[in-house]
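Note that chain A is present in both complexes that follow, paired respectively with chain B and with chain C.
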Partner chain A sequence: MTGNQFLQGNEACTYGGLAAGALFFAGYPISPATEIAELCSNLLPAKGGVFIQMEDEIASIAAVIGASLGGMKAFTATSGPGLSLMQENIGLAIMAEVPCVIINVQRFGLSTGIATQPGQSDIMATRWGTHGDHSIIALAPSSVQECFDLTVEAFNLAERFRTPVVVLTDAVIAHLRESVYIPEQVKIINRTRPSGPVEGYRPYAPGENLVPVPPNFGDEYILRVTGLVHDEYGYSSDNPDVGGQLVNRLIDKIENYTRELPQPEYTGPENPDVIIISYGISARSALAAARRIRCQGISLGVLKLKTIWPFPEQAVAKICARAPRVVVAEMNKGQILREVKAAGITRAIGLNRTDTRVIMPGEIISYVKERCACATG
Partner chain B sequence: MKRWQILLCGSGGQGLGLAGKILATAALYDGLYAVQSQSYGARARGGYSASGVVINNRNIYFPLIEQPNLLLVLTEEAYQKNVTPGHDVEHIIFDSDYVPLAPGQQKYGLPLARWAGELDNPKGVAILSLGVITALFGLVTPENVERAIAENIAPALLEANLRCYRKGMEVGGSEKYTFSPLKNLN
Partner chain C sequence: MQPVKDINQYLAQHKLPHMWCPGCGNGLILKQLLTGLAELQIAREKAVLVSGIGCSGRAGDYVNFHRFQGTHGRAIAFATGIHLANPRLTVVCLMGDGDCGAIGLSHLIHAARRNINITAIVANNLNYGMTGGQYSPSTPDASVTSTSRPGKVGDALDLCSLTASAGAGYVARSTVYHIFEAQKMIREALKTGGFGLVEILTPCPTYFGRYNKLGSAVDMMEWLKKKTVPLDRFRQMNERQQQEHFWRGVLAKHDKPDFLSRYRDRGINQ
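After this line comes the complex of A and B, so read on.
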């Protein structure tokens, strides 16, 4: 399917995955992510791919890891409750450097919450849900077009960095239908394959940019996979130096290259009175609010995040230096606000909503008028 | 053109999501900007369900319904949720068999579900309502609505749904139902 289409966010994520070369999906249906599994079950077999409905989300991510180790581009889709179940194996995928994509369609609340209503409160669960020091990449689309584009990007980043990448959407974007342009061809990154002698091959030796070049299962090169600390051959080790070097490399291979991840997008005047930082459906409200408030004598800029993790600290700090007031609008209790403050923008304040209702443009306008009045004279 | 915010609401299984998709698709065929959103409960059928369509001749920055200016209401629950004191909706079309409205309100009640049932297609109530909306407000061209219906409904069910749509068009365009003053509103 190419050209102009009228698609739901979930459909666009699925087509994005397929355009990036995914041929394997394992998942367990869950609102509001189910359409991704449903569409994969229709499309993948016809492309020679594999769709498996697993018994739960633990098995789903395990199957995805297995497929990826065998050389396939693989993904799954879930919502908060499923993300919780996947956390142990996400840690394994980070540790064993297995590329894969997890689409997490955020719904409201903790535990099973409200199944069909939106939220943006899985931000920290995505970052720190699995135990131990690590880095993770998470991207957040705020339109159906970005559902397509950022899912393609997620696969490319997963292959490049050899790590799981999470696409964080929400129930509104997932079920929203918008016009989408699907190009004939997208830029695809395929994983590099080992070369050279089989004898003495070290699958976890850092290659270019600290990323190793492990083989697929079944190749003539031997691949040992473990969640334990391991040396460059893949043998488990309790050596402190091996452990320290491994964990640091797993973090640095991503964090040293954050400028190459999708950058935050700024829309607005050069030196606005207020900058709204937002992402996902909330960013759409912020963009509408900025347009409407212009005729009311306040200048509002919008900084829309695309990469959520690693948090783009430097880019955010640089852009926010242009405005005396910074507001972070998000449907949670301030999960990104903390990151913004940690980036040195201690003056940032939060516009937070935690009741399934989307933050409306009018709410942002009222909030800016009330809370940022001194900035506007 | 003003920003049309159309909320189609009723109960799960009435085809409101599909009707919203068809309306938005027809608007896109007309060269307009259109988006469609959906909200529903956890049950497959029954329970409150709504589909929002925003249509404009300019880019749509915020894709959800803030305050509907055209409301289709098929159940009493949907009425209670969306018609609140102090929030006047410009146009309300409601199913007069299911939604009790206070007398004197300038709203438009029709036995929509009953008519769909009489056409042997009770599930066609939302499509029938689309016909009423198309005829009344001229938001989108009827040919493009029929094109969108044909693309979104299985061939075996197409005839039954086109019958519903055309019945809605006939009613919406009929002076018998005293809708004619509305026609110039957009």
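After this line comes the complex of A and C, so read on.
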């Protein structure tokens, strides 16, 4: 499917995955992510791929990890409760450096919450849900087009960094219909494959950019994968030096190369009165608010995040230096606000909602007028 | 049949000696798996060992072919993905009874139901070895373990019956005492086109044997011999006698198409 299409966010994520070369999907139905599984079940067989509905989310991510190591690009889609179940194996995929993509359509609330309603409160669960020190990559689309583009990007980053990548959408974006352009061909990155002598080969020896070059199962090169601390051969080890170096490399291989991740997008005047930092569906409202407020004599800049993790603190700090007031608008109790403050923007304040209602442009305008009054004269 | 010494090609010699206790059956089970691979002439790069987390799971450290060790209980779910992505591989799961029968039980039943073409070998030492001898679902009623000092409450779970009734292509049980029988079963399971399960009762002298005063490792082997009876004899026993014995034998064996063949057929017919 190419050209201009009128699609739902979930459909766009699915087509994005397939365009990036995904041939394997394992999942367990959950609202509001279900359409991704349904569409995959229709599309994958004809491409020689496999869809399988597993017995739960733990099994789904496990099968995805297995399929990726077996040589297929693989993904799953879920929502909050499913993300919680996947956490232990997400940690395994980070530790074992297995590329895969998890689309998490955020819904409202902790526990079962309100199953069909939107939220943006899995930000920290995505970052810190699995145990142990680690880094993670998470991207957040704010339009149906970005659902397509960022899912392609997620696969590319997963292959480039050899790590799981999470796409954080929300129930509104997932079910929103917008026109999307699907190009004939997208830029695809495939995992680097080993070369050189088979004997003495070390699948976990760090290559360029600290990323190792392991083979797939079935290749001539022997692949030893374990969630235990392992040496460069893939053999488990309890040596403190091996453990320390491994965990630090897993973090550095991502954190040292954050410039390769999608950068935040700034829209607005050079030196606005207020900058709104936002992402996902909330960023759409911020952009609408900025357009409307202009005629009221206030200038609003919008900084839309695309990469959520690692948090793009340098870019955010640089752009925020242009405005006296910074507001972080998000549908949670301030999960990204904490990061913004940690990036040194201690003056930032939060516009937070956590009741399934989307933050509306009017709400942002009133908030800015009320709370940022002194800056706007 | 190839000479048994051929198993060396699958062994990471330099990783030996292994970490298992003296008298533990895990080494014998690994040897039977490697023998099965050698006899079926499965090329080193075409085999994957997916092991569980536990003493038996450490077998992966001693093999010199593709191996995967994920999270506790999930071996079969990982193996499902590996097999579906590359069906040319011989995918073997080697798990403890806790790994497979407690935390991973649902994956076992569903892989059997789907008849996924993988081979599962369960090293059933009747308890959790790695974490210090706690009871597992397959610990017999009244046995002493570190979490059942007065004796375990509740009957042992029969993994084989469950797997067979879920629809697996091949299900069998033996013991490390009856090692040649176990070897034959592993070979049969590897040859099965669908899901194959072989459960092998194995001594854990360090915990189960010690807690239940079963004597030395050799005594435990004798105990296994005495306690197990062929399936047909077991079926003739009364309930009380059955409680005191384990059956061994082949419980299920049928040729039906595996999940991926059926999936592909559906896809083509669409």
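Everything below uses one rule, namely that the second predicted complex is superposed on the first by the 377 of 377 C-alpha atoms of A that agree within 3 Å, B and C clash if a C-alpha of one lies under 4 Å from a C-alpha of the other, contacts with A are read in each partner's own complex, and residues count from 1 in each chain.
The criterion applied here is as follows: a contact is a pair of C-beta atoms (placed from the backbone, for glycine too) under 8 Å apart; a residue touches a chain by one contact, two chains touch by 3 or more.
Note that this is a predicted model, so its numbers are computed, not measured.
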Exercise for review: Record, for the superposition on chain A, whether partners chain B and chain C clash or fit.
Suggested key: fit
Review point. Touching A:Ser285 in the superposition: chain B (first), chain C (second), both, neither?
Key: first
Practice item. State whether A:Arg338 touches chain B only (first), chain C only (second), both chains, or neither. Key: neither
Exercise for review: Go through the superposed model and pick first if A:Ile65 touches only chain B, second if only chain C, both, or neither.
Suggested key: second
**Study point:** chain B versus chain C as contact partner of A:Pro361, first or second or both or neither
**Key:** first
Review point. Which partner does A:Leu223 reach: the first (chain B), the second (chain C), both, or neither?
Key: second
Practice item. In the three-chain superposition, say which chain, chain B or chain C, touches more residues of chain A. Key: C
Practice item. Have a look at where A:His175 lands relative to chain B and chain C in the superposition and call it first, second, both or neither. Key: first
**Study point:** Which superposed partner A:Phe6 touches (first chain B, second chain C, both, neither)
**Key:** first
Revision key, fill the gap. Once aligned on A, the angle formed at the Cα centre of chain A by those of chain B and chain C, in degrees rounded to the nearest 10, is 110
Study note, to complete from the structure: Taking every C-alpha pair between chain B and chain C in the superposed model, the minimum, in Å, is 18
**Study point:** Partner chain C, residues of chain A touching it in the complex
**Key:** 23-24, 26, 45-46, 50, 52, 54-56, 58-59, 62-72, 74, 88-89, 92, 96, 216-220, 222-228, 234-236
Check your understanding: Once bound in the complex, which stretches of chain A touch chain B?
Key -> 6, 31, 115-117, 172, 175-179, 281, 284-285, 287-288, 291, 358, 360-362
Practice item. State the interface residues of chain C toward chain A in the complex, per the touch definition above. Key: 12, 15, 44-46, 48, 50, 58, 60-61, 64-71, 74, 77-86, 88-89, 106-107, 110, 260, 263-264, 266-267, 270
Practice item. In the complex, go through chain B and note every residue touching chain A. Key: 21, 24-25, 28, 33-42, 61-64, 66
